[in-house]
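Written below as structure tokens is the structure these notes are about.
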Amino acid sequence: MTEEMIIAGFGGQGVLSMGQILCYGGVMQGLEVSWMPSYGPEMRGGTANCTVILSDEPISSPVLTRFDTAIVLNQPSMDKFEKAVKPGGLLIYEENGMTRTPERTDIEVRSLGAYDESVRMKNTKVFNMIVIGGLLAVKPVLEVENVIKGLEKVLPERYHHLIPLNEEAIRKGIELMQDKAGALNGQG
Amino acid sequence: MTEEMIIAGFGGQGVLSMGQILCYGGVMQGLEVSWMPSYGPEMRGGTANCTVILSDEPISSPVLTRFDTAIVLNQPSMDKFEKAVKPGGLLIYEENGMTRTPERTDIEVRSLGAYDESVRMKNTKVFNMIVIGGLLAVKPVLEVENVIKGLEKVLPERYHHLIPLNEEAIRKGIELMQDKAGALNGQG
Amino acid sequence: MAAKGDIIIDIERCKGCQVCLDACPKDVLEMSRKVNSKGYQYTVKVNSDCTGCANCAIVCPDAVISVYRVK
Amino acid sequence: MAAKGDIIIDIERCKGCQVCLDACPKDVLEMSRKVNSKGYQYTVKVNSDCTGCANCAIVCPDAVISVYRVK
Amino acid sequence: MAEQSIISPENLVYKKTGVMTDRELHYCPGCGHGTAHRMLAEAIDELGIQSETIGVAPVGCSVLAYYYLNVDMQEAAHGRAPAVATGIKRVLPEKYVFTYQGDGDLAAIGTAETIHACNRGENFLIVFINNGIYGMTGGQMAPTTLPGMKSSTCPLGRDVLTMGNPLKITELVAQLPGTYYVTRQSVHTPGNARKARRAMKKALEYQKENKGTCVVEVVSNCPSGWKMNPVESNKWMEENMFPFYPLGDIKVPGKGLVSDGKNGS
Amino acid sequence: MAEQSIISPENLVYKKTGVMTDRELHYCPGCGHGTAHRMLAEAIDELGIQSETIGVAPVGCSVLAYYYLNVDMQEAAHGRAPAVATGIKRVLPEKYVFTYQGDGDLAAIGTAETIHACNRGENFLIVFINNGIYGMTGGQMAPTTLPGMKSSTCPLGRDVLTMGNPLKITELVAQLPGTYYVTRQSVHTPGNARKARRAMKKALEYQKENKGTCVVEVVSNCPSGWKMNPVESNKWMEENMFPFYPLGDIKVPGKGLVSDGKNGS
Amino acid sequence: MKKEIRLMKGNEAMAEAAILAGVDAYFGYPITPQSEIIEYLMSANTAERTGMQVLQAESEIAAINMVYGAAGCGKRALTSSSSPGISLKMEGISYLAGAELPCVIVNVVRAGPGLATIQPSQSDYFQAVKGGGHGDYKLIVLAPSTVQESVDFIRLSFDLAFKYRNPVMILSDGIIGQMMEKVELFEQQPRLSEPPEWATRGKKPGAKSTVITSLHLESEDMEQVNLRLQAKYREVEKHEVRFELFRCEDAEVLFVAFGSSARIARKAMDLARSKGIRAGLLRPITLFPFPVEEIRRLAGQVSGMLTVEMNAGQMVEDVRLAVNGRTPVEHFGRFGGMIPGPDEILEALETRLEEWHQKQPA
Amino acid sequence: MKKEIRLMKGNEAMAEAAILAGVDAYFGYPITPQSEIIEYLMSANTAERTGMQVLQAESEIAAINMVYGAAGCGKRALTSSSSPGISLKMEGISYLAGAELPCVIVNVVRAGPGLATIQPSQSDYFQAVKGGGHGDYKLIVLAPSTVQESVDFIRLSFDLAFKYRNPVMILSDGIIGQMMEKVELFEQQPRLSEPPEWATRGKKPGAKSTVITSLHLESEDMEQVNLRLQAKYREVEKHEVRFELFRCEDAEVLFVAFGSSARIARKAMDLARSKGIRAGLLRPITLFPFPVEEIRRLAGQVSGMLTVEMNAGQMVEDVRLAVNGRTPVEHFGRFGGMIPGPDEILEALETRLEEWHQKQPA
């Protein structure tokens, strides 16, 4: 199993730590993992992304141009990475703030209202956890419990009381995506 | 013909320009020439030397460790270069200020009182010209007239009125050396 | 008092830094609720008190604002 | 007046710069006619007026002079 | 209706100068670099010397200054802009030459080049953007970072005992006989921005007269490096940077040194 | 007879200190480097810190200072002695550290290292030999060469318009909060040499107390580079160098700046 | 005792490894993509943890000369930078090599020449291996290809530096420096208590003073020093060659790649194998000393070698020198911050293979 | 018209040649053994003769960046230094190569590493040829072996620099720089009147502004730049190889030597011939581009090659790469300021010859 992902969005959306949590989750699950951020002055622009690879084999390059899964959280990221998803791959996007929907038909496209959900949860900080949940609902590459364990690693000790809240957010994300899928299925 | 010489002494003795004059003389005589000074902070100590090569073939290295002729004008120079004369070669030294005479017997050794002569000529600046004369007397590698032409090249225009004086000094040097040789012969 | 001045805001270039808000002596400017395509909130005119002093325009790091004034 | 001081000059190390001559308040020092083995003229004592003030020694760049004084 | 009549070409009183290109600036929201660029461009515009001007961009956030400043430009190695400008000015003495440099560029790695260009009195303008931090590389301590101020390489605040004091390099170069006009400005308010523009214009005028090096320091913000929003950052700048780096002229033609920066230390 | 009684061990009042080696100095006749070395060595001797001292030699005529100064030493790259000394002092803070540098080394290629070490207030002593010329390389213009003064790279005399002004770097660093004691001395007369020694001793004492950077400039001669005999060169130095580089303290503990070097310009 | 597995960025892992290795001092100047090293150290409270000194220098030149000073005191001194900053250190590095001072220099390589881009590259191979500074000298050069090696090589490189009194360079790149992957840290090592006897630390009374220098005015002396240095480099070549082999036993064709390219080449090797091409991979770990013998050995076995480098062809020269004509050696590279993909590497290999087979009928 | 023959020091001759070549600006910092260049220029009243600007910079780094500024204006800019000073210029040289600026850098090589000694050496070959600075770039490198060539190459190198928009290095050494020999100067060339259109000289109204830079943030762009540079270097390799052959027609053994060593190797060749050994000499004049084809050709003819270098073995690698195993290639060197003598070279050759003959029975 090798899962090659890009997570892209705004600096403030917790894009980089999302990737780290998934990686730590992978470690907990005994996988090889790699995380590679975009770096450089283009970050001035405010966009950020990271490439995450989970695999049961040694990972060659942590930098990729094509992905199994792209999680895009703002319009510029969708514009940039929609085309980078491998045929048959997965594109997940956050609905809020997008001005267009993806055009590709040879990939699976899923959307999520994670931002609104985080507002409903009265904590926009858990936005990225909801997105993780959404991902796991579609592609259960990691056990939820391993993701939580990963979270424990990434979160500084003093924030550990927030873990239950984050877990809840992940589960909310899973539900949200499943509901959507249900709706989709119902429609289809 | 290839003549490989070292001229060594004090900074103020005109050692470097002596070499240049000989080289220019060589040029006038249609020879290949090279001149290479010692350089570096050891010059702080006040000693200076230059290697002069006159040849009818292209000159390989202008830096040498063994010489056909060594002209040494102070004690440290004699100490350093006496041993660098090739067997059968020539060592010319200035008598004034030397505390010992050369020890080698496998080379021709000649001395000169050029300093005293320059004092007699009331111009210690021509000291090095007298030495050149001394050299030419023993080893006529260059025509005197070519040396004079060389001198014209080395001397800035504004000093050209001094050329006759310098020529006189060269001839004095030749005489001096020939007299010595005569004396020597007489003795021998 | 009738407006003596007016501005044009190139909202697509606005980065929502709000420096212009501070500079306007007449509180003409506010931030939009919406974001532009780059995701920034942008400056909007909220009244007609503009005197054309150009203060907003001169401090805008992105040169987003053009200013007109009846002379 | 009897000498109160005296100096020893390491003539082999002297470079003949004459800085010490200038420094001596009693004109004790002069340059030799001869040169040392390196070819430098060197400093010599020419009278017994030395007071042991050590002025010559302290300015000698080559630390050639040692100074003695009756205390 | 009234408005319609206002927005018409003859009423235009302020728009981006043609000495700036049309390109969108890559700077962070609220960053003073943009305004500083524009003030310089306006000064060049006012003097009508766009086609006689050659600029030198530094390595720093303004490394791409030539994307925006519509004049011939050279991109210098980090810290070496004054040397590059020297090379330019020596072979093209009749051109107007400026460098545009950050504090890391000008006062850390480029200290020797800055001091010696000023000391030779090279006839060019140095625009020095002092934001007290290395913006480009992600917010490390600069030579001008204030005591106690935090950065990614002094996360507990600059400790002057081990990291040294902020360097008032502008006051230093003002003392060199080679500098002619040295001033400290800011661009965060309309009034200050206009003053900064005037200072740059004056400096370029002196350059025409071959008066020596002119230095216009712009104390500026770095919202990203300081981890503040732009408006906060400007306030923080006024409260913390200005007391240490007091605005105003430091060396004025005819008068010489008029400030020793002491009031700021 | 009287003399015999004088030259005896108990009457010895001055001889070369043991903090100098027995090696013959390679300096030109009459060059101040030798005396400056000795004054520094005597200061170390008087404080009894020979075994706790680490020196840094520059690239310049004194590149071989470790042949003569009988303490542990490191030979730095040209201009980098203050950086090397920083490296030493940071890992061995309890040692006494000094650099010994010429004007080319300290004020040209090493300007940034000098300014920043002083600005950080690194706890070491900088002995700065200002002879207004590059001695080692054969008499080229130095940053401190006087206006009109001749050298092999300004054969017609330093032209300040194209070559810049002599740099009073000592006055500059005196203004940095990191420096604690900054003074300008000479070693060409007995009185001056003794004063220079006292200054170096004081500086080393301050170092023990971790007071920051101390700088002792020694205005010195370079008979070879200046093309004068030693006695003439000292006279020329008094008449030409001292007016521009006035001797005396520049920054004094407790008092701060006591001279701005103006009287010399 | 199994150590805890952590997920760390290459740069941060190196910084932590430096603390754990008992390094005495770090001097550096920020530059992307390696600023995390100094940032991490500045946040890690090294003063309390081990007493390690960390200083942000005014420039790369100052930093390398501070390293010289600290190393001259026999301390473990570290600096890091990226390509343009490393170029500035060239004089200092030559001085360190000439004065035979042990120290470690990390180059997290980005693309060149000039300012170029901050994206990953391997185009400083020549500079690291052939001596970018003046004079005949060699650095020991280690090229990590994982975050784990970044950690391990910090310790190894100080061991080698002190063993041979020679500067060691860790030639990392923007990929290894910026990526996070699993890493196991080692235990805290003590800092050196006694300085080596060649170090300056204050002259012992009665003893001769200690001098750190690279200056030898007399050519005769200098040649002796050069000869001693060369002899040392030969020793290093004899004892310190390190490399890794992947499926070389039956290889008919060999990839040679170091650092992050080796990771990708390994994937290309797998792809090749899956297509029936018996590819192997040799990964030089030490770039100096270079695995000359092993490459020479394999030259007798394979029908060709392909180096994979993120540059325009640098290490390929050393491979060719090792092979000395016994088998064709070609280069495949992407550069300017572009990273080769396994597919294009395979494609390049296939093209070469055809050429090789045409040339030399098996 | 036969020009007057003069006797000049290599360094001074280069300085005079720079004036005669219509060079616009010289920026430099004193260092032995090349300070005569700036001293000569400062005494030559260049301002009046041609208007050439001469400035003593505060450092080598400042000097190379001044060259960058002047070269960016399309002017002929020159700098010179010696080994440690050249190391300091590495970043600047990489920038010049990256921004494709024409200029000439003279390195009058002295021994290294570190401060070492000021005596002559050839130990900066690698630095000059393999790129001492970061990134994939090449300098065009010319190695004069006479004072006459020092003069001629000043002019040639500016021609090449402008033809290819590339920095050119003249790799001289302490021997060639300090020695005097016969030289014929060329006539005064005019300074460039019109700057090339890529140069900054003030944006023409209506036109796009001109930018001199080596920065290309996007890897895709940067790779294109790298490819363009590489293509240019291939062009240079195609058109600009220069070398000299001595008695190669019937040579059974070949010396390869550049610069001052080539003079000495030539003498050794004569000695060898006089002992019945049919020796030849190939003297690369351009070190980049290297005379690969010619060496390859001769590899089929001779039973071995011996490089003679004043270093520990640098150019020998390029000879080996050219030969690619077709004939043995060995190195003979003296270093640290020591200069090889013809006798010891001959001796080295004789020893090698025996080895070679043992190995490969003719």
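For clarity, chains are labelled A, B, C, D, E, F, G and H in written order, and residue numbers in each chain start from 1.
Basically, a contact is a pair of C-beta atoms (placed from the backbone, for glycine too) under 8 Å apart; a residue touches a chain by one contact, two chains touch by 3 or more.
This structure is a prediction, so every number in the text was calculated from the model and none was measured.
> List every chain that touches both chain D and chain H.
Looking at chain H and chain D together, the chains touching each of them are B, F.
> If you walk touching chains, what's the least steps from chain G to chain H?
Each step joins two touching chains, and the minimum needed here is 1.
> Which interface, named by its two chains, has the most contact pairs?
Counting C-beta pairs in contact for each chain pair, the top pair is G-H.
> In whole angstrom, what separates the CA-based centres of chain A and chain F?
64
> CA centre of chain A versus CA centre of chain D: separation in Å?
88
> For chain A and chain H, what's the span in angstrom between their mean Cα positions?
The mean C-alpha positions of chain A and chain H differ by 56 Å.
> On a C-alpha centroid basis, what's the spacing between chain D and chain E, in Å?
About 61 Å separates the centre of chain D from that of chain E.
> Among the residues of chain B, pick out those that touch two or more other chains and give their numbers.
Correct list: 40-42, 46.
> So which bits of chain F are touching at least two other chains?
27-28, 63, 75, 77, 108-109, 111-112, 116, 136, 143, 162-163
> If a residue has to touch 2 or more other chains to count, which residues of chain D qualify?
none
> Okay, in this complex, where on chain B does chain D touch?
Residues 10, 46, 74-76, 97, 99 of chain B touch chain D in their complex.
> Looking at the complex, which residues from chain G come into contact with chain A?
5-7, 32-33, 117-120, 174-175, 178-182, 260, 263-264, 266-267, 339, 341-342
> Within the complex, which stretch of chain H touches chain G?
Spelled out, the residues of chain H in touch with chain G are 61, 83-84, 86-88, 90-91, 94-99, 109, 111-117, 119, 121, 123-124, 126-127, 130-137, 213-226, 229-230, 311-312, 314, 317, 320-321, 323-326, 334-338.
> Taking the touch rule as given, give the residues of chain F at its contact with chain D in the complex, in rising order.
So the residues of chain F in touch with chain D come to 2-3, 5-8, 11-16, 20, 24-25, 27-35, 38, 187-190, 193-194, 223, 229-231, 234.
> Using the touch definition from the top, list the residues of chain C that touch chain A in their complex.
Contact set of chain C toward chain A: 35, 37-39.
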